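Presented sequentially are two complexes of subunit A, the first with subunit B as partner and the second with subunit C.
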Partner chain A sequence: MDMNEIKEIFFQECEEQLAELESGLLKLNDGDRDPETVNAVFRAVHSIKGGAGAFGLDDLVSFAHVFETTLDCVRSNRLEPNQDVLKVMLKSADVLADLTNAARDGGSVDQARSRQLIKELEALANGELPRASAAEPAPKAEASVPAAVVSPPVNEEGFQPVAFSFEDFEADEPALIEGTCYEIVFRPKSELYAKGNDATLLLRDLSRLGEMSIHCDKDGLPPLDGMNPEEAYFSWKISLKTDKGEEAIRSVFEFAEWDCDLDIALAGGCAVDAGEELPMQPVPFDLSMLDEAPAGSADGEEQIATRDRDAAVSAAETASNVLQMAQSSNRAPAEAQRNAAAAAAAQQAASAATPTIRVDLDRVDRLINLVGELVINQAMLSQSVIENDTNGTSSINMGLEELQQLTREIQDSVMAIRAQPVKPVFQRMSRIVREIADMTGKSVRLVTEGENTEVDKTVIDKLAEPLTHMIRNAVDHGLETPEKRLAAGKSAEGTVRLTAKHRSGRIVIELADDGAGINREKVRQKAIDNDLIAADANLSDEEIDNLIFHAGFSTADKISDISGRGVGMDVVKRSIQALGGRINISSKPGQGSVFTMSLPLTLAVLDGMVVTVANQTLVVPLTAIVETLQPEASAIHSFGATQRLISIRNSFCPLVDVGRILNFRATQANPVEGVALLVESEGGGQRALMVDAIQGQRQVVIKSLEANYTHVPGIAAATILGDGRVALILDVDAIVAASRGQSLKPEMSLAAAG
Partner chain B sequence: MASKKTAQKTLRLAPVLDLNEATALHEKLLALKGNAVAIDASAVERIGALCVQVLIAGARNWEEQQLSFTFAKVSDAFVKTTQLIGVDIDPLMAKEI
Partner chain C sequence: MTYAAKNLTTGGRELIAFRVGDQEFCVNIMAVREIRGWTPATPMPHAPSYVLGVINLRGAVLPIVDLSARLGMKPAEPTVRHVIIVAQVKSQMVGLLVDAVSDILTVRDEEIQPTPDISSEFEKSFARGVLAIEGRMICLIELEAVFPQEEREAA
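Right after this comes the complex of A and B.
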């Protein structure tokens, strides 16, 4: 593992911690006062801080630290987590996420914003605290200047010290620790340092377990001339008062146990403050120690080891020669040190969740691809067996059937690997809601449901952008200002509800707001102004609602930063359609609007209807098909020179000859000999696609045509059928568009094929 | 006093005093032998036990020679780490303030 991989793992951990942090804060926001929730939030920030420290990400550490300080106040019940407090905290979580991203991808963060938040966080930690800090044990309260350790700007703001001990978060109230005392003798060997670990790191981890007194045994230290700077001379006697048990102490030394002598013994009485015969030094993390000499100082320095000087000088010469050679190989251990720290942090975080492994997405995709081939191969095999099998009852057939079931099961399981809950996307939305609510001065509450609904990772990745657009629209246009809401008899706080659920093999995502709904009069007027519809057009409510999906349409009176430039809903619609999805809108004036998106669960397989057109096999996505019917001669009407209509239940629908449009044949087919597939296309209009025959319905593995061949207008992708032939998957929208008289142009079907 | 007769040299410590730096630090200290030394640890961000060992060995050596060996400036990280590992540098702090 190299450094970058470890760092990458750290950032992945960070993402999980940030999600944990946000969901915890949102729970608190909803009135959850479970101490475990507060602890979870605290842990998340602390883990990020710890990991960031290991990588030297100072900005992240300093911000996380201030955040942690304030959270600690909440944890110890010194600060009531009311709405105002949580607002600041949620914003801080956002900034923490920004800082993490900036640390990963480079780029900069809004310094002013994070400084402002640091100030607010401190004010919170500070504001409610005078009583509490006085109640703390005096030396600690005076000594701790937490922010000054890492974040100088803090001090300039006149930040008062609060009772919080740096790093020592597990033991912030030492007097209350009901722990046992352990006597630990820790003698590192040189190998420990050579492997890049450091006694200081181990001791720091140890100090987090509880109250620790330490004595450094410097007797073994040779004179300067005779010492090997990379040899371990110091050893430590530690007395630790902790409630964590010996196991926890051992785990601190887990990575170093072969490189040190370690004795852990239960102490008879708690000797933390007793001093005994060892000149123990309590381990404070404060800075005021600088100004005054601490009691009980170690006087080990006075014991100077005297040795034979001549021997020492020659030893030093040899040592420095050896070391010069060794120096070139020193880089690796330094990395190993960070490795160990990161691994420890990773282990800590991972132990909480269910066991998972991280796998490169490429590997999963390769597996999925192979399983797709397997399914195709299996279908080919069974087909050839059936063709060559004359009596039809051979045992091979039974075996093949089992094989078919197995391959289908393997395929489902492999698909499940790619399936991910929509939670991360939903969580990102809550941040967007907060930011836009802030910008527009509206009070908004985002309610999410069904975050654990799983869908293919590709879908999730591509879902974020359209959702962001829609959320922005919902808050900016949909919801009214608090004053208007109150006037309308609603609560001042608007609600945006984001739900996800599985519905018949697809995922349905619903975005509902309780705002004013679509102003149909305004939409209609705007559409007339923009020449989208004729002034006297007679449109149903639904048709008017759907106008907002037209390109270049915006009802906002003034263009804001957030939305209103008219590149919104049409982009949304296009990206949803590119995913093989549909989007619907329903709106009630005064009660709000609901956007419903229906998306396929995966982009790797597709349920399709296999049809024949001019001796070619084509696949039509099942989601596009509304119904199939056998046209009768009496229902076919000619219209113009080449157009034909089919009358279905007293309404006329254009008949589209697929074979003609794809240039499979030069003349128009006789509709009566074929089958009509009624499809719903972009814009909601229906078309009847005419094909020669329906072969059946099948789940097919999608193979990109662009990747393997080149883009073909009117064709979205390809698949391989059981007989080994390539079948083309029809791009329904492109075909419909072509039937309107436009020729099939490559760029038209790009969105659908992409 | 001996320390007043010789010129005081300042040794500025590197920000990261890890394994790699221990040998370099050792050599720098050896080169300064015979002079009063003021250690400037104000830039230290991280210090490992090995470098602390070298510094303490240096302090003893200087004491033996009756020369002054002081920490003129220290960073928070430096103080914190030395306190953490139970090495008391207070007697070596510059007192002239």
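Right after this comes the complex of A and C.
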């Protein structure tokens, strides 16, 4: 595995962490104050920082670090995560995502923006808690001993311990400047060595921070015959005099902190030799504290205080452990509580993340392919059994029925592998809402529902673009400015609601805003100005609403960065249609608009109409077909030399002979003998496609033609019918384009060669 | 497989010989994935005349090429007696319609005679040599030359 592969894994994990981060922040934004949510957010940023550090991505590290520091304030309850704070945090998450992308794909990020956010984050970290950054308390041991003895209830508050510990220590703050002494107990676990870290190197790094004396505790070493060569037995007791602060010490152990017991305490009175007086038996402490104090948080500081007391007591009562034991037992309830909390959190984390594996998409596709084939094969087999079986009650029939059920189940399960929740796309939308709300000065709240609705991965991938367009439109055009909203008697904050749900084998995505709704007068006027409709056209409300899907249509008064260039809704409609979906709009003046998209659950299957053209079986995507009709001779009108039109309810529509266009026959077929499929295609034009007969309607599995052949003009893909034969799926847009005179037939170098 | 391996180590190579019209050809056996009977193909619009259409090969769409027409001879009229040689050309699979598969040959490189000096550029472009086996002449063809990638893409 080379470095690039490892890096790729890192970025994949980053993506997951960023998603975790964002969903955590959004939860906080909704008022969730669960400490585990805060921890999850913190962990996400911390992991990104750690990984980025390993790859030397300095920009990412420095930003993540500031972010982490601020998050830490929230974690330790020093900073109330109110809306304003979360706004900054969400923006920071966006910048973090940008930085990650920039680190992966190259490219640059908006430096000014990230610098601004760094400032804001730092202000948050410092502003609310002026002493937080400088807080390296050097307490008077004597003063805190009684406090510790009498104050277990304070400790029991568990997550809000800071308020009390600082009060006592402030006075001694200046001691910090000329260098503080720390007692560090560093006890590596065997995992530390297993991961290739070396205690020597860590200690060497530590020595660079200041004046240091080290004592190696060899007591844990068993006799030679009882020794496990892979076990870690030594621990170190270090007295360090440094002006760098605890933060710096912890950062030395940053990548080892999970694999060692690390205990950092301020030594009262800077006695380097005080260490020697302590009983060689290391100060007792429990692991859960370490889990919660990776970056010198308030928890950490509290531990320092506690540890200080321990140290002071030990120094005073040299060689006697009695009081220490007593203190431990004082501390015990609080720790037990914290242990319980940690255990609960771990359990929660475990239940939230069911084990998953990463699988190459190709492998899944191959499996899907084979299962599809299995289904076809099974159908063919039962067909031939039924044909050859006269009495119809044989055990073969029963077996076949079971086989059929099994294959169906297998097919469903295999399809489910590709299905993914729409959550990532929805999360991306919340970012877009934030950005556009910022740009337009509107206050917007995005509410998402049904984010766990599952749909095929390819659909998800292609959903982001149209959805982005629509969200932009909803915020920019749909919602009013806060002033207007207040004037209309609504709350200043607009709501955009994004919902996903399953409905009759399709996924329905709804985007609703509570804005002003479509201004039909304006749309109508604009359509007249742009020659889209006649000035005296009589249109229903629905028809007017649908005008916004026309190419080159925009009602925005001024063109902005966000929208208004008129390449909006028509693109949306086209990409939804390309996915085999439909889009509808309903709007109530003053109450907002609702866009409803209905999409197939997978792009691997398609609802098609099976038709016959010149003895060939073709499949026409059902989404393209508006209606089917049986032409009458009187409705067919010749137009020029070769063209024919069909009149449908007094409007004329060009008639397109599919067999002729695909070169399946040399002459045009007689329209009266066939069936006309009225289709709507790109650009909105209608065409009547002539086919010989309709065989029926069915769901077909899409097979690529390009895999073994090449792209065929006029043909979108192929499929395999129940009889095992290949049928071609018509590319309606290409056929219509060809009927407009564009050549369907490309250069045929092979034909020339052959 | 062990048989093939043994031959490879002794410097031999295995070829599949087949009949197209009244001529015999052979291709490297390593390019051949399977041999199957003729099933009617679905014609493709705007395809070159020698592409008969596509068939379903266990879920994959496989184009069928009439090798006779491709090599400039008269187009085949497929019957149930015809066979399809499924071959891999670069990353793509193609089905070759031939009259019959006649033999599996094990030959050494030195048994392959160079292509005779003839005027036709086309024959020269795909023929990689000729073999004399029991009084028959078998022409070794290079599939990649018959279906060059760039032309396939253009088609």
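The rule is simple: the second predicted complex is superposed on the first by the 398 of 754 C-alpha atoms of A that agree within 3 Å, B and C clash if a C-alpha of one lies under 4 Å from a C-alpha of the other, contacts with A are read in each partner's own complex, and residues count from 1 in each chain.
Keep this in mind: a residue touches a chain if its C-beta (ideal position, glycine included) is under 8 Å from a C-beta of that chain, and two chains touch if they have at least 3 such contacts.
Just so it is clear, the model here is predicted, and its values are computed rather than measured.
Participant: Based on the superposed arrangement, let me know which partner A:I357 touches: subunit B (first), subunit C (second), both, or neither?
Facilitator: A:I357 contacts neither subunit B nor subunit C.
Participant: If we overlay the two complexes on their shared chain A, which of subunit B and subunit C does A:A666 touch? Say first, second, both or neither.
Facilitator: Neither partner.
Participant: Touching A:L705, do we find subunit B (first), subunit C (second), both, or neither?
Facilitator: So A:L705 only meets subunit C here.
Participant: Given the touch rule stated above, what does A:A633 touch, subunit B (first), subunit C (second), both, or neither?
Facilitator: neither
Participant: Does subunit B (first) or subunit C (second) touch A:I715, or do both, or does neither?
Facilitator: A:I715 contacts subunit C only, not subunit B.
Participant: Is A:A727 touching the first partner subunit B, the second partner subunit C, both, or neither of them?
Facilitator: After superposing on A, A:A727 lies in contact with subunit C but is clear of subunit B.
Participant: I want to verify the contact counts: of subunit B and subunit C, which reaches more residues of subunit A?
Facilitator: B
Participant: Determine, under the contact definition given at the top, whether A:L221 touches first (subunit B), second (subunit C), both, or neither.
Facilitator: Once the two structures are laid over each other on A, A:L221 reaches subunit B alone.
Participant: Between subunit B (first) and subunit C (second), which does A:L266 come into contact with in this model arrangement: first, second, both, or neither?
Facilitator: Neither subunit B nor subunit C is touched by A:L266.
Participant: Which residues would you name on subunit A as touching subunit B in one complex and subunit C in the other?
Facilitator: Overlap of subunit B and subunit C footprints on subunit A: empty.
Participant: If we count contacts the way the header does, which residues on subunit C are in touch with subunit A in the complex?
Facilitator: On the subunit C side, the touching residues are 40-50, 53-56, 58-63, 69-70, 72, 92-94, 151-155.
Participant: Using the touch definition up top, name the residues of subunit A that touch subunit C in the complex.
Facilitator: 369-370, 372-373, 376, 616-617, 662-664, 703-705, 707-710, 712-715, 718, 720, 724-728, 744-751, 753-754
Participant: What part of subunit A is in contact with subunit B in the complex they form?
Facilitator: Residue positions touching the partner: 56, 148-149, 166, 188, 193-194, 196, 198-200, 203-204, 207, 214-216, 218, 221-225, 227, 229-230, 232-234, 236, 281, 283-285, 287, 289-290, 293-294, 297-298, 301, 304, 316, 320, 323-324, 327, 330-331, 333-334, 337.
Participant: Along subunit B, where are the residues that touch subunit A in the complex?
Facilitator: 18-20, 22-23, 25-27, 29-30, 33, 45, 47-54, 56-61, 63-64, 74, 76, 79-81, 83-88, 90-91, 93
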